[in-house]
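The block underneath contains the structure these notes are about, expressed in structure tokens.
As written, the chain order gives the labels A, B, C, D, E and F, with residue 1 at the start of each chain.
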Amino acid sequence: MKFLHEYRQREAVEKIAAEIHRVVTRPWTIMEVCGGQTHAIVKFGLQQLLPPQIELVHGPGCPVCVTSLEIIDQAIAIASRPDVIFCSFGDMLRVPGSNGDLLTVKAAGGDIRTVYSPLQALKVAEDNPHKEVVFFAIGFETTAPAHAMAVVLATKKRLRNFSLLVSHFLVPPAIEAICSAPGSRVQGFLAAGHVCAIMGYEQYRPLAREYRVPIVVTGFEPLDILEGVLLCVRQLEQGICLVLNQYARAVDRNGNLNAQEILELVFDIDDQAWRGVGSIAASGLRLRAEFARFDAGRRFGMAHSSGPDRSGCISGRIMQGLQKPCDCPHFGGRCRPEQPLGAPMVSSEGACAAYYRYRNRSTADAH
Amino acid sequence: MKFLHEYRQREAVEKIAAEIHRVVTRPWTIMEVCGGQTHAIVKFGLQQLLPPQIELVHGPGCPVCVTSLEIIDQAIAIASRPDVIFCSFGDMLRVPGSNGDLLTVKAAGGDIRTVYSPLQALKVAEDNPHKEVVFFAIGFETTAPAHAMAVVLATKKRLRNFSLLVSHFLVPPAIEAICSAPGSRVQGFLAAGHVCAIMGYEQYRPLAREYRVPIVVTGFEPLDILEGVLLCVRQLEQGICLVLNQYARAVDRNGNLNAQEILELVFDIDDQAWRGVGSIAASGLRLRAEFARFDAGRRFGMAHSSGPDRSGCISGRIMQGLQKPCDCPHFGGRCRPEQPLGAPMVSSEGACAAYYRYRNRSTADAH
Amino acid sequence: MHTECPIPVSADETVRLGHGSGGELSQRLLREYIYPHFDNAWTVQAHDSATLPRIGGRTVFTTDSFVVSPLFFPGGNIGELAVYGTVNDLAMSGARPLYLSCSLILEEGLPMKTLAAVMASMGRAAAATGVQLVTGDTKVVEKGKGDGLFINTAGIGSLEHVLSIAPDRIQPGDSILLSGDIGRHGMAVMARREGLEFDGPLLSDCAPLHEPVLALLEAGINVHCLRDLTRGGLATALVELAEGSRRQFSLRENDIAITEPVLGACEMLGLDPLYVANEGRFVAFVPPHQAQQALAILQKCPVSADSRAIGTVSASEAAEVILRNSIGCERLLDRLPGEQLPRIC
Amino acid sequence: MHTECPIPVSADETVRLGHGSGGELSQRLLREYIYPHFDNAWTVQAHDSATLPRIGGRTVFTTDSFVVSPLFFPGGNIGELAVYGTVNDLAMSGARPLYLSCSLILEEGLPMKTLAAVMASMGRAAAATGVQLVTGDTKVVEKGKGDGLFINTAGIGSLEHVLSIAPDRIQPGDSILLSGDIGRHGMAVMARREGLEFDGPLLSDCAPLHEPVLALLEAGINVHCLRDLTRGGLATALVELAEGSRRQFSLRENDIAITEPVLGACEMLGLDPLYVANEGRFVAFVPPHQAQQALAILQKCPVSADSRAIGTVSASEAAEVILRNSIGCERLLDRLPGEQLPRIC
Amino acid sequence: MCLGIPGRVEELLNESPLERSARVNFGGICKEINLAYVPEAREGDYVIVHVGFAISRVREQEAHRIFRYLERIGELGELQ
Amino acid sequence: MCLGIPGRVEELLNESPLERSARVNFGGICKEINLAYVPEAREGDYVIVHVGFAISRVREQEAHRIFRYLERIGELGELQ
């Protein structure tokens, strides 16, 4: 496939890796913000190509990982209703709430459907006028325009049985929170390419300046990630803190203005709770008052009621680079891939799941 | 089982049969009105015990057989609705409407449940508050009090999602219609024991007088039926036309007054269409105005729309004793037990099904 | 970090789609719920098939899927049924049942406890019958696309004699033996059906039938045909055999045992016990001169202790079944078109 | 009144509960829809089991239930799958597939046309593969308690050689051969799943594999182990074998063929093709000195024409599977916990 | 029409007039039956049951009538 | 977050602004994708697709930059 294969070529990858080896002189800790990048790093084993001085920290950029326990519990409550068809992206189904996950609800008879796109959920609503169709609208800036468009189209089509359970996150406030956290070890960031495809990257300049961290807008293929690391390390070695765009084939400085327009039409910025991390000011989106009738939480009278997460999962600290999976008391015990306690154990490229896979090896270097 | 086995004893049966043989001198045509009696006659082979002069004609006393095509079509339309749970006695499911039967609707996904009692349908309504529960209330005087009680209890329980598709028939007007039909061959009647358990048998006296037919209220076991025949034949031979009560262990002259009271509370008498026979004045029941909200036909806006029965089924004439199954052009061709065109082919004791079973025998004497 | 699994799969878990994925959950399901009840062959070979020792005699092969609802009914459950049903089909060929496969279709949401109870029951039933469960398969379907649990068993048996036991060997004069009272399984299941509930001493007859069959063969009875009475009941089985053999059967209703509770339930619902399902009854066609001996042998086995001769094969080639009933009349039995439905009339 | 049946069962009929009752409708279903596609054995014996000719060699026995949705997918349907799947499990023991059973669980409302098409396909698949469908069963479940059609097949094959083909025979140094490109079946099915629809040249690989296996054996290849790649895909199959043999496998990703459409679909949904189901691919473990010869034999059979050596068994007893990927890094493959779910991230 | 069979009243379950019910025994198996229309039925009585409702109480006296009649026929027959 | 992959626009299917869509080809398999946010995309263009929406158009020029850079590294390496 064009624009994929060429970024997975061994020769090119090795050249970039060699250049990183050549440039590095000291240890550096770099966070890839985005779960998609983490996925590629773990799956391709990219850490194996890096010099030992470079430590990659897996960031919080995975909506599956950061959606709060409270929202998961709301999703479970709504999906359990007999009058509801609940539509969700596949990877949300296994994320544990206070008591079970969405797959459990499905196994108990809840009508839960895996969708690829919010447009599919819209179609389900059109096809099932006697049911309430609720779409679990999770994501970052990349996904928000799709959800915004679903709201716009539902309005246009006068759908009365469609609503969204919104759990939307914004990246820049999270990066700022990580930078300003006491004890932060992160010295540079690979920013999330697809988020920037929507939002551009002007917002990162003040962060880079204020916290003195280089930020490189980075793609998702091995070559992209390694070049991102190279652009970051080169700055770190030289003491520079710029925002650079490694992923220029897909990202424009100003982002996608069409998408931003619809986004602003439908959503307001609001404070947001990140699972394991806590509330971060102005780091989320909620439906604007004009579209409040699409708010599933409101429609089904969801109370803000989940207690604190008592699972003992330390995912928040792992995603901030403060601790490692093996520091978690549940790792490999109560928490295992087939029954995850926390989100990083859910997908096979989640930080904890990746550690788990390599648990029996002397060298845990492959993650 | 007490009150069953003793009425199926060979010795007793043979004694009664011998008495009939002794009494008969000429041919007589007697109609057993009730489908339950027909069932017993066919299943036990009672015709084999009777002298050849006595011909039993199977009457119209089977709600499955006489419910009109229009009502069956309404049942099919209502049962096809996705918001409906349709409850019916088992034997109604195979009766053909203009286009398919209820089993076809079920196979296509309709939620159709076989119930043993209207009380079960009431329970289904209580258990499924988000669904419309419709009960197919078919029957004669015997069953009507059960349906009336369901309406009373639904009122008491304030059930808003329960309704009845009523198809109720009264026996005396049908007997009168048969007696007064041109060409009628029926010379005596075995009246339906369980109908009389509810209604008593005073109503039959004017009929017996006017049409000069003996009428014997008869039970359902071999001994009952044979005694009923004996009591009828004896009168015929002697030229007497009385109403006699063979089934005194279950039937009182005045019937069940408790049941009659509730029956009158809930139902009004009305004209009624009998499948294959046509409309008979004052031969049916409909819900009284006070209980109109339990009327499923009204609730679902059923139009009176079925065209005439174009199937060519001659069931009406068979049930009046005017023709025999083998006179029907479809018998054994388009109409067979596994795909009945008309109701008498539906149950294995229906007149046409019984004929069909014996079609390959030289002696068709067993029905 | 060498961690062991400290969590026993909790008893209130339910089946999830992942249990059918072939992944880790599937492995646990097999390890914890299924292998313990099977013979080592399957577990040890850890392969998708079982290599069996050489089979003496001709091989008999059969299969049945079991879809009973409810899964547990008075007197049995789907697991036993799945073992006995296939054992019985093998026995009806006169074969010694040897090996069974077991293929499960689980519906998402099935309680693990239910699965555990069914599998344990299968294991016990196999052990009691002397067959080995040697190969299997497990699939999981989405909620609403199954009915809790379906089980398929296929079976292999060996024919250790030279008789052909088949409908075409039925001869005029043959005595028809019935191994016990009828209608119990069907009515026991119906007693637990939603809405029809009734209670009382109604137990399924669910049982393995190879023992009386092998006893007949070992005693040298020239068995002409055998048939277990399952769906459709005694009447349907005999109609099939009458057609298969092109013979006329004459039955005596008085010799067909039906218990009072079965009769009561049938009368209440307007069902005919001759057409109600059984799971531990069979008919045997034997030459008239061996009928008494055969009956004595059957009556010695607990499962067929109430065997009786219920009729004979007549000389006519009419391919029909005639029942002479309790009051001395004749009734022609035929196949029902479909399922028996409860009547009101 | 001797009337013949003038009505052909109409093509727009659907399955009803009565078709599973054992009564007249059941008979018609068998006569018109099922028997025509089966060998005479079953029809003629008109019995609940098949008596088979004596089987030469040891007997291999296997079973699988097939629950694929949709029933028809690009490149195949559930009927073919049910024949090939069991043929393949027999072949993976090195057995010659001989006999299949066929047990259907029909959901009320299934169009008769669909059933007819599936059964015809099963009949053709069996004929093409040289196996005989000899015994079967049909059940009907209520609407909403099935998924159109489930098929179980059990299979019997004969082992005509003395090799043991099993995980514990895998040796250090063995060459791991893969019989073609992977991921096609799973993605072809997914392409037709409600809501995920995509179109393009994606055909299931659904095919029988006995021919290349028997060719290897006939050529005297000392086959150590075989495994067809079904649910869980290549990765799961190899992890199971690594655990079963307590050996470490090293794979070269570059030698594992994946077509562009499969890759495209996987990328789109965030799935890993190594874990996607196949229905016509297998891995063979052979001694290194015979690897070239084995590969040549496989490549001569159309179904395994694209066979390649994809890795080797190493001396370590770590019981793990290591993939060296296209950029030269190593990745440890393990079992997925459950089903692969489409990702957004 | 109207399948009705006799069963023995075993135990009253509900005494409220409209929902008056009892466990009724049919050859050993039991089912809850509405007795609203046959309030006079007592434990040990037989009732005729149709679609879950008792529609009449069996009068033992009347039930035996036919057997007495048959005996008379028998006697007559012997006389002849 | 945000699985996005490049596909080639094959054929415009719907031209209404909000529901603008095209058949997009991913290695041979095709899916209808919403193009409302990338109205400038023409047939033959590549777009990055996320949850059924095109979020940006791939700029070929920029896509080749890294390979030119690698060539330069290579040349430098040879010079050293």
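The working rule: contacts are C-beta pairs under 8 Å (C-beta built on N, C-alpha and C of every residue); 3 or more make two chains touch, one makes a residue touch a chain.
Listed by chain with UniProt protein names: A, B = Hydrogenase maturation factor; C, D = Hydrogenase expression/formation protein HypE; E, F = Hydrogenase expression/formation protein HypC.
Not measured: the values here are computed from a predicted model.
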{"item": "Distance-maximising chain from chain A (Hydrogenase maturation factor) - centres being C-alpha averages", "value": "E"}
{"item": "Chain centre separation in whole Å, for chain E relative to chain C (CA means)", "value": "37"}
{"item": "Chain A (Hydrogenase maturation factor) and chain B (Hydrogenase maturation factor): spacing of chain centres that average the CA atoms, whole Å", "value": "69"}
{"item": "Interchain centroid distance [CA atoms averaged], chain C/chain D, Å", "value": "29"}
{"item": "In chain C, residues with contacts to at least two other chains", "value": "16-18, 23-25, 142, 144, 260, 263-264, 267-268, 270, 336-338, 343-345"}
{"item": "Overlap residues in chain B (Hydrogenase maturation factor), where contacts from two or more other chains coincide", "value": "1, 4, 34-36, 61-63, 89, 116, 120, 139, 143, 336-339, 360"}
{"item": "Touching two or more other chains - residues of chain F", "value": "1-3, 5, 26-27, 50-51"}
{"item": "Chains touching one another, given as label pairs in label order", "value": "A-B, A-C, A-D, A-F, B-C, B-D, B-E, C-D, C-E, D-F"}
{"item": "Residue ranges of chain C in contact with chain E within the complex", "value": "191, 197-202, 259-261, 263-265, 267-268, 270, 343-345"}
{"item": "Chain B (Hydrogenase maturation factor) residues within the chain D interface of the complex", "value": "103-104, 106-110, 326, 331-334, 336-339, 355, 359-360"}
{"item": "Interface residues, chain D side, partner chain B (Hydrogenase maturation factor) - complex", "value": "1-3, 5-7, 14-18, 23-25, 28, 108-109, 142-144"}
{"item": "In the complex with chain D, residue positions of chain A (Hydrogenase maturation factor) that touch it", "value": "1, 4, 8-10, 13-14, 34-36, 39, 43-46, 48-49, 61-64, 89-91, 93-94, 113-116, 120, 123-124, 138-139, 143, 222, 336-339, 347-348, 357-358, 360-361, 366"}
{"item": "Residues of chain F touching chain D in the complex", "value": "1-3, 5, 7, 25-31, 49-51"}
